[in-house]
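In the two assemblies presented below, chain A is common to both, partnered first by chain B and then by chain C.
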Partner chain A sequence: MPKLDKRAADALIWALLLTAPFWLTHVGGYVELGSRVLIYALAAMALNFLLGYTGVLSFGHAAYFGLGAYGTALTIKLLYPSTPLGMLVGIVVGTAAAAIIGPMIARLRGVYFAMCTIAFGQVFYFIAFQWFSLTHGDDGVSAWHRMPIDLGFATLDILENNKSFYYFVLAVFAASVGAMAFLLRSPFGRTLLAIRENERRARFLGIPVDRHIWMSWVISCFFVSIAGTLYALLNDFVDPRAIRWDQSGNFVIMAVLGGMRSFWGPLIGAAIFIVLQDYLSSQTANWMSFVGLFFVLVVLFFPRGVLGLVQRKTVS
Partner chain B sequence: MTQLVLFNVFNGLIIGAFYALMALGLSLILNLSGVINFAHGGFLAIGGYLAYTLIPYLGYWGALLVSPFLVAGIGVLVERVLIRQLYGRDPLYSLLLTFGLAFMIEDGTRFIWGAQSLPFSIPAWLSSPLSSEYFFLTGYRVFMVLLVTAAVAALFVILNYTRLGIRIRAGTLDLETVSVLGVNVRVLRNLNFGLGIYLAGLAGVLAVGMLGLQPTVGDNLIMPSFIAIIVGGLGSLPGTLLGGLLIGVAAGVTSVFFPSASEAVIYVMMAAVLIVRPRGLLGEEGRF
Partner chain C sequence: MSLLQIEHVSRLFGSLIAVNDVSMTVEAGELRAVIGPNGAGKTTFFNLISGFLTPSSGRITFDGEDITNLLPARRVWRGIARTFQVTEVFPELSVRENLRIPVEVASGFRVRPWLSREDNEKVGARVSTLLEMGGLSNKADRLVGELAHGDQRATEITMALALNPRLLLLDEPTAGMGDQETYEIIQLIRRLHKDNKLTIVLIEHDMRVVFHLADRIMVLDQGKFLAEGTPQEIAANEAVQTAYLGQAA
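On to the complex of A and B.
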């Protein structure tokens, strides 16, 4: 794609995101839907850092998403009612868990890597489910809410005003996405691409492949736990469904649906998936079947995703 | 105390037998076709529900005999229509597809048989304890262990002494050569998938006699089955069997001393195996 087109596409995406609270209600949406799309988009883009740009398949990202969410919720509820502190704790917990698990799986590849991430992800689901005195098990962590953020010179009322919450999410999203883009453009990011394209050659060039995969894994989980903290703030509630394996599957399908080889793909995938899920669950009690069918159809007929399709057309 | 320990070891052995039965089916499919079948738990649930529906017509024994074959039939059909398209593609796609399939099966069973759990009756003479001292040895539990043992033995006989089984094992090692030698690989993979799903169906009929029938019955069994494969070693069926029994017994023993950790211990075992021996207890070097 020519460079100008790419710039134009970037500008269009940011313009749409910046104005979303004003046009969403006119096309049948609502502001919280916009926030949810952004949060899931951040999670899917974080996963894609690993999946699309390092070529490693994780099916357990929900664990770190959920740890971020639980960390935030429990901090605000039990420790100290402050949104930034809650987020900080959530991100630290999620990233630390990923950093500890990383070395055990960084040596594995392909299906084996995927299986181990699934299994490790489930550990945190069980903890969230069974540690009733802390997490209230299946009932989830409720009876708390996000707190307005004191900026010193002004207060950002993300609690009562859903538009300012949207812009708060957008700001975090923009910072995270910018950081990811910066990392991917750095020599480190190029090394990850080299590993994706030809691991053996990268190894012969003297690149410590396992350590790079571990770092990419931790970075990816860091950003997914940021998305998790925002998810908790959006709902003012967390339950074990945030951390369960089907959540991981949702992230992967968003990345694939949008196009894993493109930077913005997961955002588009998340938008399509969230809107579809929102619509289906309001229309039928059997929405799970339709979501399942959607997975099957995407895999069979749409494996390159929306942007993959667009890019192939412009190339040929 | 010894009674309590024995009770929990025996319980763990039964649970481990289920894990092993599930994991063997998963392993068969994974080894030959490179597909992780997320929907395995769903097929297990179908096995249980079909048996429930068949019991009024065929009786318990008829249902036990017929239901797993019906499930295997569904499996063969699913492989034909869906799974076959995924061979040779990134494992990502088979994970996503079977993931969607698991959703559809769970929702489908809920739609057909209802969301609330249904009673599943086993023959009365099987449910009474065999001895008053060892109260936990009900006929059904002993029967389950015997039947699972028989099924596993039959599986290994099939794999070692029949033409189909030898071809499956050969295909696991080098599918291309098997294909060049004139074996129809498409049919082989199809039958192999059916065999794996048969084991899931059989586990389903047996498990619902103990756990009861609900659409999510397979959910609690599938994760430990993954762990059984990881602990036992990818690519090794005896390893999978060993892994399943090990984590089952470990969970059982732990529940004597520290009940809330009985789930956690299997994950700890997995972590330990991955640190010390990443290929698994009986896994081959360099396969993954």
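On to the complex of A and C.
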């Protein structure tokens, strides 16, 4: 795609996101739906840092998403009622877990890597499920809520005002996505592309491939745990579904649906997924079958995802 | 001191002895060819030098340092670069990006999250020089996957050069090429050897290429050392004629 078109697309996306709370209600949506799309989009884009730009498929990102969410919820509920502190704890816990697990899986490739990420992910699911005294198991962590953020000169009321919360989420989203885009354009980011394109060549150009995959994994999990903290804040609640393997599957579906070779693809995928879920789940309990069918059709006919199709059209 | 010294290396795959007690010494500035009939163990021998495989026994020293069991990336950092028999490039990236990656790795920018303007200009200038050297300037912004086979091969060799190697290993650089392309690659290798004084070890099937280019030739047969010498000596060697040249005639 020509540079100008790319800039125009970026501008359009940011304009839509910035104005979403005002137009969403006119098209049958609501503000929380916008926040949810952004949170899942951040998770899917974080996954895509690893999947689309390093060429490594993780099926266990829900673990670090869930650790971020649980870390935030438990901190606010049990330690100190502060939104930033809760987020910080959630992000540190999620990223630290990924950093420790990383070396054990960074040597694996393909389906072996995916299977091991599921296995490690499920470990955290069972901990969240079984450690009743701390997590209340299946009942989840409730009876807490996000706290207004004191900025010093003003207070950001993310609790009562859902537009404020949306813009808070958007700010975190923008900072995270900007950081990822920045990294992908760096020399480090290019080594990841090299690994995706041809691992053998990368190795024999002097890139220590396993170490770079570990770094990409930790960065990806860092951003997915940020999404997890926002998820806890959005719902004022966390239960083990946030951390379960099918959540990881949802992130993969979003990334592939939207197009994992394009930067904004996972955002489009998340938007489609969340809106379909929101609409269909009010019509039928079997909404996932329809999402699944849609996913299969996209993979069959547009293997590069919805955005891949749009890009091909603009080229030709 | 010799640049590369290989002492009695062997490599076993199960009960198959792919490389059997082979020694070789390469001096700085030399262009050495390794030849032999199919299944002679040339590529395995190459893989042992570049670190794709490690020897079952024996010792490899590079510039006085034992590298026998070093990982490939660490050998690259010490100055050994290689190409592959089947071209290995980054097909969905442009030629420029293909060259930029090794230039950045060789400059120690591998984990940099950003480059200063000065560093960025240095990298850009080096990439331009390399594009020129590989005859790729007019294709710089094309995707490598879309280029002709010869240009892909030229890209791969230039990527290896981007690492500023002290030893360049070329695995059948003219494999699968037409006459014109073969000629161009030979010219490129000759320039690198004569003008840049680069030490090169290459495996080659095409005898015209070998006898044109090499200072010295080593012949392998069924994993074993058969002969070594100048092109004239090898052409006159009876054992070689029986094992290899004779077979081809």
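Criterion: the second predicted complex is superposed on the first by the 312 of 316 C-alpha atoms of A that agree within 3 Å, B and C clash if a C-alpha of one lies under 4 Å from a C-alpha of the other, contacts with A are read in each partner's own complex, and residues count from 1 in each chain.
As a convention for this text, a contact is a pair of C-beta atoms (placed from the backbone, for glycine too) under 8 Å apart; a residue touches a chain by one contact, two chains touch by 3 or more.
As the structure is a prediction and not an experimental result, all values here were calculated from the model.
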Q: Considering only touches as defined above, state whether A:193 meets chain B (first), chain C (second), both or neither.
A: second
Q) Does chain B (first) or chain C (second) touch A:155, or do both, or does neither? A) neither
Q) Can A:25 be said to touch chain B (first), chain C (second), both, or neither? A) neither
(Q) Contact-wise, after the overlay, does A:59 reach chain B, chain C, both or neither (first, second, both, neither)? (A) first
Q) After lining up the shared chain so the two structures overlap, which partner does A:118 touch, if you call chain B first and chain C second: first, second, both or neither? A) first
Q. Any idea whether chain B or chain C touches more of chain A?
A. B
Q: Tell me which partner A:126 touches in the superposition: chain B (first), chain C (second), both or neither.
A: first
Q. On chain A, what residues does chain B touch that chain C touches as well?
A. none
Q | In the complex with chain C, residue positions of chain A that touch it | A | 182-183, 186-188, 190-191, 193-194, 197-198, 200-209, 215
Q. If you look only at chain C, which of its residues touch chain A in the complex?
A. 50, 52, 71-73, 76-77, 81-82, 84, 88-93, 97, 100-102, 104-106, 109-115, 159, 163
**Q.** Of all residues in chain B, those that touch chain A in their complex
**A.** 30, 34, 36, 82, 85-86, 89-93, 95-97, 99-108, 111, 223, 226-227, 229-230, 234, 260, 263-264, 267, 270-271, 274-275, 278, 288
Q | chain B-touching residues of chain A, taken from the complex the two chains share | A | 51, 57, 59, 104-105, 107-112, 114-116, 118-120, 122-123, 126-127, 130, 245-246, 249, 252-253, 256, 286, 288-289, 291-296, 298-300, 303
